[in-house]
Structures are given as C-alpha cells and as structure tokens.
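Everything below concerns the one structure shown next.
We call the chains A, B, C and D, going by the order they appear; numbering starts again at 1 in every chain.
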Amino acid sequence: MYKLALIGAGRIGRIHATNAHAHSELALAYVVDPVCANADAVCAATGAKRATVDEVFEDSTVDGVVIASSTDTHLDYCLRANGAGKAIFCEKPVDLDLGRAEGAEAQLAGARLLVGFNRRFDPSFQRLKAMLAEGAVGRLESLQITSNDPSPPPVSYVRVSGGLFVDMAIHDFDVSRWLLDEEPGEVFAWGSCLVDPEIGAAGDLDTARTLLRTASGKLCVISNSRRSGFGYDQRIEAFGSAGMTCAKNVTTSTVEVWTEEGVRSDPFSNFFLDRYSVAYQAEMAHFAEVLSGRRQPLVTFSDGVAALRLAVAATRSRETGAPVTIHPA
Amino acid sequence: MYKLALIGAGRIGRIHATNAHAHSELALAYVVDPVCANADAVCAATGAKRATVDEVFEDSTVDGVVIASSTDTHLDYCLRANGAGKAIFCEKPVDLDLGRAEGAEAQLAGARLLVGFNRRFDPSFQRLKAMLAEGAVGRLESLQITSNDPSPPPVSYVRVSGGLFVDMAIHDFDVSRWLLDEEPGEVFAWGSCLVDPEIGAAGDLDTARTLLRTASGKLCVISNSRRSGFGYDQRIEAFGSAGMTCAKNVTTSTVEVWTEEGVRSDPFSNFFLDRYSVAYQAEMAHFAEVLSGRRQPLVTFSDGVAALRLAVAATRSRETGAPVTIHPA
Amino acid sequence: MYKLALIGAGRIGRIHATNAHAHSELALAYVVDPVCANADAVCAATGAKRATVDEVFEDSTVDGVVIASSTDTHLDYCLRANGAGKAIFCEKPVDLDLGRAEGAEAQLAGARLLVGFNRRFDPSFQRLKAMLAEGAVGRLESLQITSNDPSPPPVSYVRVSGGLFVDMAIHDFDVSRWLLDEEPGEVFAWGSCLVDPEIGAAGDLDTARTLLRTASGKLCVISNSRRSGFGYDQRIEAFGSAGMTCAKNVTTSTVEVWTEEGVRSDPFSNFFLDRYSVAYQAEMAHFAEVLSGRRQPLVTFSDGVAALRLAVAATRSRETGAPVTIHPA
Amino acid sequence: MYKLALIGAGRIGRIHATNAHAHSELALAYVVDPVCANADAVCAATGAKRATVDEVFEDSTVDGVVIASSTDTHLDYCLRANGAGKAIFCEKPVDLDLGRAEGAEAQLAGARLLVGFNRRFDPSFQRLKAMLAEGAVGRLESLQITSNDPSPPPVSYVRVSGGLFVDMAIHDFDVSRWLLDEEPGEVFAWGSCLVDPEIGAAGDLDTARTLLRTASGKLCVISNSRRSGFGYDQRIEAFGSAGMTCAKNVTTSTVEVWTEEGVRSDPFSNFFLDRYSVAYQAEMAHFAEVLSGRRQPLVTFSDGVAALRLAVAATRSRETGAPVTIHPA
C-alpha cells in the first residue's frame, strides 16, 4: 500500500480521494485544505486525517501527493514534493505562467510526476490512439478535436481562469500532441464571444477555432465552445491515409424512443465527472503504477509545459490575428 | 423494346407503369382498367392506350403483361396470359384460395412469370442475402422479421383482404423462405386485436407473432402490427453461427438534432411506395431481364403458392391454437 | 453500517462482496464457502472473516446475508435467514423445483428478501421502464426481448442447470413480467440444438423462441441463444400504441473506424460482469435501502417464483409442442 | 413542355440530360458537344438532336440552356444565352477569373440563371437548413463543413482546375454562405500536400483547413481532403445557441454485420453521382420551376461570384499565410 496525501479537497480533489481510497494499492492518509469542511468531508469518507502541507512534506512515510489545490500553488508544491522525494500527481495546468513553468522544466525532468490530463485515460480515446498505433487508418494526416462544455462557468471564474485557451482548450492541446505524435510548429486561432456577453466583458472568449500545423504538414482543428446546449461534447476524428477513426460522445443510456417525429436517443453525459469517471479511475490506477515503479508517467511535467505553450500561442494568435510559431524553450 | 400491357391501374399499377415507362427496354402500350379515370391517367403520363383484357391477350405484339388488378382475377389472368405466350408480372398474392393456386401450379411451372414480392428487390435486403450467401455470419440459425405498417387500412379493406396473414404477412413469409433457404415445416401463430377494435369486429387481427421452424431446426419469428406509430417498420435480423447481419429501417434524411433532450434523428420512411421505390424499379428491371431471356424469374408462381401456404397455415394455427405442419401439395 | 455475510464466494459472490465492500453503508463481515481458496480471496480483499453458515445465522449482529451458493441451497438458506430475522439478498433462481418454491411463498411473503434479477437494475432497462411508465410510447402492446449469451457454458454445467429456460431465460421471464405489468397467462416455446450437439446430447437446447400472451392480448417474444458470436446480446424492444422504445447493446468504446469496407464500431461487451457491472452495484445499493427500511424490495421471493413458473411452463410447452396455460399457485 | 438545349455532354452534362428527359415539364431538344461520341450518346438516350451553339442561341423555340461545357466557356455562354432571352442552368464555377465574373455581375443580375451548386438541393442539407430556419438549435454560432473526395482526380486535371479552393472547396464556400445567412468577412486557410506528392508538384494542395468569420463573429471551418479512403465524405455540423444539427454521410445500404470484431456498417456512397443523384434531380426540377416563372432561382449568378470570391481569398490566404479580408465588388 502506498500512502498518499491530498492537497486541495475541492471538487476534483474529492474525486481523486475517492478513487485513491478504492484502489487496492493506495491508501489516503492525509488531506490538506484550508477550508475545514472540504477536508473533513474527505476524511469522513476515507478515514484520512487532516494535515498541513508542511506535515505532509515532512512525513517520510508519505509516498505520494495529489496536488489539486489552486493553480497558482501547483508549481511550488510540485517542486517541494519532488524535493521531499515524493511521487506527484499534479492537476492541470502546471502553471498559468509559461516562463515560470519552463524555468522548472529541467528540475522536474526526472521526477515521478504525473500531470492530470485525464482525457489520455479515457477508454475510447485510448482505443482511438491504439487504432492509430496499429495503423488502422494508415498514416495520420489530420485531426478534428471537438470539445464543448455543457455550460459556461461563472464569470467570476472566467476572470481568473487564464482565458479559454489556457483554462479549457489546454486539454485539447494535450490531446492533439498525444495523437499527432509530432510537435505542432504553428498555431492560428480565432475566437468570438457569442454565448454570453459577460464573458466578453471579462476579457475572454466563449467560442474558438484553433488550427495547428506540424512540420510535416499535419493539420489539426480544435473547436471549442463554453456551452453546447446538449451536454458534454467531446469528440475526436483522426483522419489518415487509409480512412478515419473517431471517438463519439458518451450517452447516458442506450435507450431510444421511436415515434412519428423520428428516433430520439438519450442525452449525452452532461457533467465532466460522469463523462470521465472511468478516466479518473484509470488515471489514479496509473499513478499507482508510477508509485510502484512499474511504469513511467504517461504525462510528464514537460507535457504539461508543452500544452501550456500551445495555449499561450493560441492566445497570442487570437490577439494579434496572425499565426504564431512555436519555439520550444 | 418489349411491349407491355398493364391490367389494373390502381395505386400499385401506376407505380409499375411509371417504372416500365422509364425503363430503356420496356414500352407500355396498353392499359386495362374498368375505371376510366385510372386508365386515362396512366395513358396521359406514358403515352399508352386503353384496351380491354381480350384485346391485350389477342394482340400478338404484346410481349408481357403486368397484372395489378384485384386479387380474385390474378390466377385467371395468369393462366390466360400464359396461354397467350406472354411473359407475366403478377402482383401478390397469386390467389386467396390455396387449393385453387396449388391446382394451377403444374400448369404455370414453366411460365415466364414473376410474382411481385418487391422486398426481394430491396437493395438492403439483397445485401443482407448476399452477406448470408458469402458466409459473413456463418451458418444461418434463426431469423427475426419485423414488419409493421405505419397505420391500418380501412376496415372495409380489412374485410376482403383475406386477413392479416394472407394480406400483410405474406410478404414476410416470402422473405423468410428466401432467406432461410430451407422450407419451413411447421407454423405457430398468435394474434391479438390491440390497435383498433373495428378490425377485430371485422374478424381480423392487427397484431401477430408467427413462429416458423424448418426440418433442420432453424427458427424464424415474424412480428406484425398494422400500426407502428413511427413509420414503415421493416427490419430483418439474420443470426448465424458466426454473428448476426441485419437490415435496419430507412430514414427520410441523415439529419440529426442534438439538444439537451438527446439526439433526434429524422423519421423513417412512412409510405410503402417511398420505402420500396428503388425495389419497385429493380423489380421491373428484373422483369425486363426475364422478357429478354437473360434471366429466369427470381420469384416464381410456386414461390407465390408457397408463401400463401404459410399464410394459410398461420391463419389456421391462430384459429386452432396449435402448431400446424406444412404439407406441400 | 449494516453488517453482511456472504454465503458462496464463487464468481458472482465475489462481485457482490466487492460491491458491498465499496458501499458506504455496508460492511462485509463474514464469508462462507466450503472452498477455502474462494473464501480467503474475498477475505483478503475486503477484511471479512471466514465463518460457517451456522455462525452467520447465530450471530445476532449480522444484519443481512447474500446468498450466492449453489442453487439447491437457496431456498433452505432463505428460510433459515428469514427465521433468524436477517435481510436476504438471494441469487436467482430461488429453486429449481417449482413446487418447493411455491410451498415457501407464503412463509417468505413478508420477508426483507431481494432476488438477484440484476437486469432490473441496469440503467438502460430502467430508463426503458421509465419511458413506458411516462407513456412515451402510449399503451404497451408487445415486447421483443433478445437475450443471447456470448458463448455456451461447459456441458457439465448445462447438465445440472435445469435447462435453458430455467437457467438462462429466467432472467427474460422476469424482465417480461416487470415490463408487461400484467401476468402472462399462456406460454409457447420452440427450441433447437444448433450451436453444439453436445448440449443436445445432454438433453438441453441452445436456441429457443418463447411466446408469452397476457389476458389482454399483449404479446411477448423471447429470443435466446447460448452463443451470439458477437458478445453479450441483451436488447429489448417495447412496442406501444404511440411508438416504440428500445434498449440497445452496450459497446466497449465509442470508437469507430471508417474505411472503404464501411464503418466498424467497437465490439459489444462480451462478459456479463462487464455488461451489468453498474447493475450489480445498483442492486447492492438497493439492498442497502432494503436493509435500512427506506424501500421495499423491488424483486420479491414471489417474483422469483413467478419467473420460475414461466420457465417451467416454457420447458413443458417445448416438450409437448403445445401452448401451456399458467396457473398461479 | 419547355424546350432545352444541353451545351457540353460530358459526365455531368449527361446527368442533366437524363434528369431533364425524365422531367414531365422538360424536353431536351438539342445537344452541343464538339466530341461527337458524347453528343450522340445523349441523343440516342433522349431523342434530342445535335446542334451548334449558334443554332441553339438562334432558335427562338429553345426556352433554356444547360451549360455544362468547360469552365472557360461558362461566362461567355451565360451572357449570350441571356442576351438571347433564354433561361440558364450553368454549372459551377461561373468562371476561374474573379475579376471577369464580377464584371458580368451587373449584366446578369436579373437573369433567369441558376448556378449548379447541387448540394443546396440535397434532401438532408435542405432538411438541416430547415432545422436552422425553424430555430431547432437556436441562433447559429458556428459551422463545421467536412468535404472529402473519395480519391484525387488525375494530376492533369489538377493542373487546370484552378486549385483545391476554386475547384473543390467552392461547393463548401457556397454551402457556408447559404447556411450562415451572413456574408463571411474574413478568410484564413492552411493547406498541405499529404495525399500525393504529384499534386504538390503540380502546384496544388490536397489537404486544407479554411476558417471563415462573419461580422457578427460566427465561425466556420471547412475541412477538405482530395482522398478520404472511405467514400464520399460530406458532412455538416451547425452549432447554435440551443444545440446542434448535423447531416451525416449517406450509406449504400442499411445492412450491418455484427461479429466478435464489432459492428460493421455498409460503406458510404463513393461516387458523387450516387451521393447526389437525388440532388441533381431536384436541381433540374427547380430549373423547371424557374423556367415556368413559379420560382426565382435559388442560386444566382451573384451567388456563384461570391463563392468564387471566397475561394480566391482562401487561395491568397494560404499563399500569404495571413488572414484575408473580403471586399465585395
């Protein structure tokens, strides 16, 4: 059993706590959260104890930490946890400041550190990746990533989120890198505020299209909206020299109703915790493998930085109206 | 060009007239119908002329006849047309009286006679048949034929129709024989009147389930309702030793609407002339091949008798509550 | 926390143990199994202790028992557990002998006893039931239940299974009663041995079609095969006066591959523990509700007897070749 | 009956000839083609006679002309036909030279002239348009147009085609204008040569992504490839404030095969004449309505120019690497 501490017991932290508790190789020992109610709820459900960050890092029996605190603390906690010799599961994004993140890259290069890009652990997206790997559609030529949230977050959140590209599309930048198997070299983005003028007033977008191009000419389109109107819209099309493979939306049941108005299928999963519940479990199971040394982390700190780099480039392209070339640090 | 005469210019006769007229090898020369308006409409659209049945049979330039008159005339016209050396396209059923039909079987055994079981010419059903033939699902073990009309016919029609099994399910009996590739030896049927009590008052059913069994143990279920509530419901599942192949309903468009209530697809084809429009064209094209001698009829008079035999057996099973063994004449 | 004992730690018992252990209101205290290895494995995973049946029934702190032992012990354990005042979760079938089961019905009528017909807890089947309840397709007229196993069990199992209707189709009889909302009054069944002659040599069938009819004329078809060749085939169509609602098969992912050969979707769930994993969890959660007194059991002992009655009737119909009328005890 | 002349009896001209011949209000009287074999084949099938362009324009009994000759002749024939008072059905594009086309715009503004953008007449695309019009998905925010050919044309054709944007994507530019209901104001395009290096050597692309943006901020992505590997890939997603409506690919049958490898559906239509056969018929039927004065042309010469303008802008954007602003003439 590996002993874990959770830092940050908000919505996503609680998911990780539940999954760690249920995993046969993991034991959640400590919960850190300045909000007592959050921490206590997790403790009651899992038998963990409250602790401070310092206590966690100083306790040599703690094998790993799950960092699900506010984004501005991620980098600091990663560095401290790594210094204390602990394995790290860090929520995305690794930081909002690309320069700071790049500055830590060398230091965290060898860390047992898994960045929480949960989509890489979704069974359907993994299956799609496997189809590409086994050549089911030949040589990959282009990607279409559709990623629309069910409904926009509060404007108060939008204001501190880092903007649509850094906050929301960063998952899609990670997925694009993972599937393209080649680094995007150029980014072009257009955005609009069509869903809610308050979002525009807060300086952000709610609708965007981003183009990525690799050195070999592969093209990727990322389509984002903060509000789909029909649930969590998470689809991928990967187009190759011998066909196309795609992952479709997940529905809440297999039930259909056939009437004179046509065939109505049940809605898509609406909530990200439902849509990706299996992915979150698999992600935690992978962290157990990293802890045990059986596997290297599938998503490294450098992957976190690279996704942030694309998000920052898309933000700049959208501001300048011109394509942006990517220069790895 | 083969010269044709149409006998019976009702709804189905007009379809055959249109398809014959459009076919590059066929010319519609005569239309016979006691109702002047029907005949005249077809003549106006195709350039054919009105004629009597006698004129048609006596005109040695007429190569073939399309018999789409009332069911009680089918057998007589088939015999006369055959006697006159003409190729015959005869609508189903060949007769309502099994004994009479069996009595004519020997005489019409060698005739160039195509019975109008249009479903055998449907592209999807033909494709399903081809899948079976090429062993895509191994050795056939069972069939599920779902065949529901959009809405019931007038009760006045029901009264003279011969009953659900002879009037409606006869198509399904033909399809079952075509796909099973082995003669059903036993029939069991249950029926109910659930759609419209008037149909029950007229002595008929509107809902039925028929089981067929072949000597080798293959099983077939035929599901019928006079009213689907969602269009023309025409589906087949063929289950074999290595999988299943099925033909699904035809939709009116490929459009979907995704909202918070789920995914709504456009309705199924509602009208049999829409659902089977391509099948009716293909059926007439096959008749041209029969006329030219390039092919033997795909559906013979004996096929028409065999389907009627199953329909009669189902009717009796339903009346007696016991399985009925089939005894070919 | 309710204290549970598991009697029978085979494949299905282990599932129930895992789900009970994971449930926040349930604690698995004891495991009973003559096979040490089975019991020990469950104990290691859950912290439960081995015990004998007598110890379980005599321990007044045990709130409920999960009976997953061999079928011939179900009834005896139900009666003893009920006598000991414990809530009961009993695997299906309640017994192989209808007379014995009927004999115990009065005694167990008031018991807090849940029969393990897991399909009633499947999210899609529950959704279909809800569609019927809210009148989405009008008044129910007929059902089509397709229930094919991925592959046949060992012939050694077939021999003691009670036969296809009692062993396999009993789930479908329960589902039919649950959805029809009216007791079937007549049963007719045909069966064949098409999959494996060894099954026939053992006196059983591998392919069957069963018709049910209610007093009001509703019709139900149950289609069974011991081997689908394409995974666990579990589908329902419920046809009503205003349309149809259906539950389709569950796929292992949402991935499709589009090539010149067409569109290939990922396979269906192949293993019943995968297909119904959520149903098994929901079933155990319902047992917790029964234990707490918040809800009455959704599936009573009488439901178990009624499904067995239909299975026995189908077996007799198949043997006699005639419909069988159902006479409730 | 309206008397028509066909100018250009190549592949697409023959389609128009067949559809005109089959239409009850249209009669094909003349065929013009320098290649005798082409013209003669059409004459044999339809009863039309060969003629020269001058004869057609001078014959006052000719009501309309169908211009399906080489692109460089379109504009000249349109002007001459209009001068001669004839209704015009002109294949796309109206010209390869935007300046020339714009120069003729005023002169042809009032003409009874229908440009052959067949996709506007596809039943599914029309249904999608109707869904937008009736507000089924709220206010339109973005479009995704996927338009991939089954396989690339010969390089000899590519060389004189005007390039991917003018030759192939021009259909998509027309569809985007039709559905957006607002003129795109900016265009950005990236392209690659991934399918066939010969196409690149000929100075063209085979893979492209084009972004369009309207003044109100609506976004449209057009995805093109010269080779899909899985048939004619023609899909549209229209995303609105209350959901999404989409038109999916057309399959060659409704047949599926279910095996342990999953579900295989039949391939998509592979050939544009199959995929759009109904659209071509509907387009000709619309031309009959234009001839009769019952309706104004749904696609005007100005629509043809506007689509060309977007294609030219996309070509320039791709060459310069920067967005291009659209300036209507």
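As a working rule, a contact is a pair of C-beta atoms (placed from the backbone, for glycine too) under 8 Å apart; a residue touches a chain by one contact, two chains touch by 3 or more.
None of these values were measured; they are calculated from a predicted model.
Engineer: Starting from the Cα centroid of subunit D, hunt down the chain whose centroid lies farthest away.
Structural biologist: Between subunit D and the rest, the longest centre separation is with C.
Engineer: For the chain pairs C-D and B-D, which is connected through the larger number of C-beta pairs in contact?
Structural biologist: Answer to which pair has more contacts is B-D.
Engineer: When the centre of a chain is set as the mean of its C-alpha atoms, what distance in Å lies between subunit B and subunit D?
Structural biologist: The answer is 40 Å.
Engineer: Go ahead and note the Å separation of the Cα centroids belonging to subunit C and subunit D.
Structural biologist: So the centre of subunit C lies 57 Å away from the centre of subunit D.
Engineer: Could you say which residues in subunit C touch two or more other chains, in rising order?
Structural biologist: Residues 137, 229-230, 242-244, 258-260, 266 of subunit C each touch two or more of the other chains.
Engineer: Taking the touch rule as given, give the residues of subunit B at its contact with subunit C in the complex, in rising order.
Structural biologist: 137-138, 141-142, 144, 146, 148, 188, 190, 192-195, 207-209, 211, 213, 217-219, 221, 223, 225, 227-230, 233, 239-244, 321-323
Engineer: Sort out for me which residues of subunit A touch subunit C in the complex.
Structural biologist: 22, 24, 45, 123-124, 127-128, 131, 136-137, 242-250, 252-260, 266
Engineer: With touch defined as at the start, can you tell me which subunit C residues reach subunit D in the complex?
Structural biologist: 229-231, 251, 258-268, 270
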